[in-house]
């Protein structure tokens, strides 16, 4: 149940360690706080393992990657794997440049993520280089990459969560579809990164990765639908989205939820 | 026509590659999305050339520069020059420290920007070291540096766009003046950086650099004037500015525009 | 008087040099602008001393520290000490990892801060390693660490400002208590970092460090109380907080102030 997960996050205030990109550090920290979690951002190789060891989930995001940061991501990810702390991996912009694709593939091999969360082009590029992500935006709809998501789920041994007009959350043969959300969400930078961070919060309180990942996408989409009703554009949407994450109730979830397959 | 440029941005959703400062990455990405473009931030030397090659404009901004980032800026800028992709250069804080002035001058020589966009003190310092920028704020009015802007335009072979109470956009002997804008804009960090990013969006769809740069400053100023009417201070102004960029119409441009010389 | 300090900031627009973390660079710059100061962020070792020399206060914050940034912090801090420019130090997350604790202790020894501003767990960890900060959140109330704050004030020879439900601002045996503020402030990332930046603004116009640090905490708390009344959650709170900093009047200070000991 989504609402149970949200209540657990609010009650337990889990520490979520993020090694993420410069663009979204502030906004994803605020989204984690709004949903009830406790975010920390730390990337120095000297401290990432110790910080991960304190956390209940690790979120790794390559949006503004560089070589030293990838080293820190690997160190933190390996420590999380050793301590059985769940890891969410967001391959931002994978497919746009060879460097991103190679780093993303290496990270998946080294850190064994619990959930890979990306857009359709990013997910496709993890299997087939040169699929042509447009910067950090998708060129494909989620349903076009269902087969790739399944294959990636099997080969990487993890849940694959593909955002799109309908989100697909895949674990082996199982597929959950979430039809919540609003196009305005694509007019705010880093909403995908926020989805990954929120997935980290859910997986920190819900050990069933498929369910946790789907619940996170449902909350994102529902909060987006509610927030957009109060918004005149992407500026006011940003604050209404945070206010909605903070104040959302179980009855809102019931009213808006469009989730199939769980 | 400004409105034609805006419509082209909204229809074509051009990818704009930004190598910019930590302070404004989020806000300039959101401004680019609000105006209709697709932003990407990437700075690793391993990928900047490939990312620039995908983009329709490159925006370089030295607000929080360091040696490795300047290297990446040069690589990206040279690739843009080679591929005839327009480049906007924002010499943030140039004149405040010798390091900034030297890096900015070197960048201009190496990357051949299409537009240099800065405040009056920054523009002056590009010609005369030691002109004394106050951190990132200008100590001079734009009209005080018209001669320097013209000289810089000739020597660097590019358009020079100087923000101020009246913006001056200069190409050789031609001068466009934009009298739009509001003092509240100086109470939000990075509005100059946003102007540079928006200039990147305009120049990606309008190959006439003088016109594109002037149109960008006009849109900034007009959106600022409209947004401030709905705002109680610089916090609400930020979101109203994004909402206005997103929803602005041709009739708003006609009503507010104060542009001469084009 | 708090109001006199605010008026001086608004009139003199002091340049505040920040070497701070990626999460809060935008929001603390905007808070400094809203209160009337002029922020600059610069961290390159090649320019930090020169930039500090232009500023009226230096704010150092280790929220996303790494070895090269700590080097720059030390260089800037020593230059500030040499030029008698006041320094505010925020040991974000100190106590969470050994790296943070060691770096924070080293920074205090090298740069002689004028004010150390942190939460209770961070302050405790500066004296006793292993006190267990939860990421960047406190596990202790401010009143639990009064003795440590006094000891730290004596050994480091500076003012210690501990945020909490009641803020404690300590200089040797003197203790100021500020009971302003609202729990919503802990739902927005970086409000502690903002408090440190605002402390920098106050100390740049008020040479009495105990009074400047207490005034800054009082303004933070009062602006928070006013802003929360207009807010539906942490998203709208952020913008209302900036609007309040920008528009606050002497009569607001008088009406809300809960400060003892000054």
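All chains are identified by letter, namely A, B and C, in their written order; residue positions are counted from 1 within each chain.
Quick note on the criterion: contacts are C-beta pairs under 8 Å (C-beta built on N, C-alpha and C of every residue); 3 or more make two chains touch, one makes a residue touch a chain.
Not measured: the values here are computed from a predicted model.
Taken as a contact graph, the chains are fully connected, with every chain touching every other chain. In a homomeric contact, the two copies may use the same or different surfaces; for chain A and chain B, under half of the interface residue numbers are shared, pointing to different surfaces. In whole angstrom, the spacing between the mean C-alpha positions of chain A and chain B is 32. Contact of a single residue of chain B with at least two other chains is seen at positions 22, 26, 238-239. Within the complex formed with chain B, the residues of chain A that make contact are 21-24, 26-27, 63-67, 93, 96-100, 134-137, 186-190, 231-236, 238-239. Residues 15, 17, 22, 25-26, 29-30, 33-34, 38-44, 46-47, 50-51, 54-55, 238-247 of chain A are the ones that touch chain C when the two sit in their complex.
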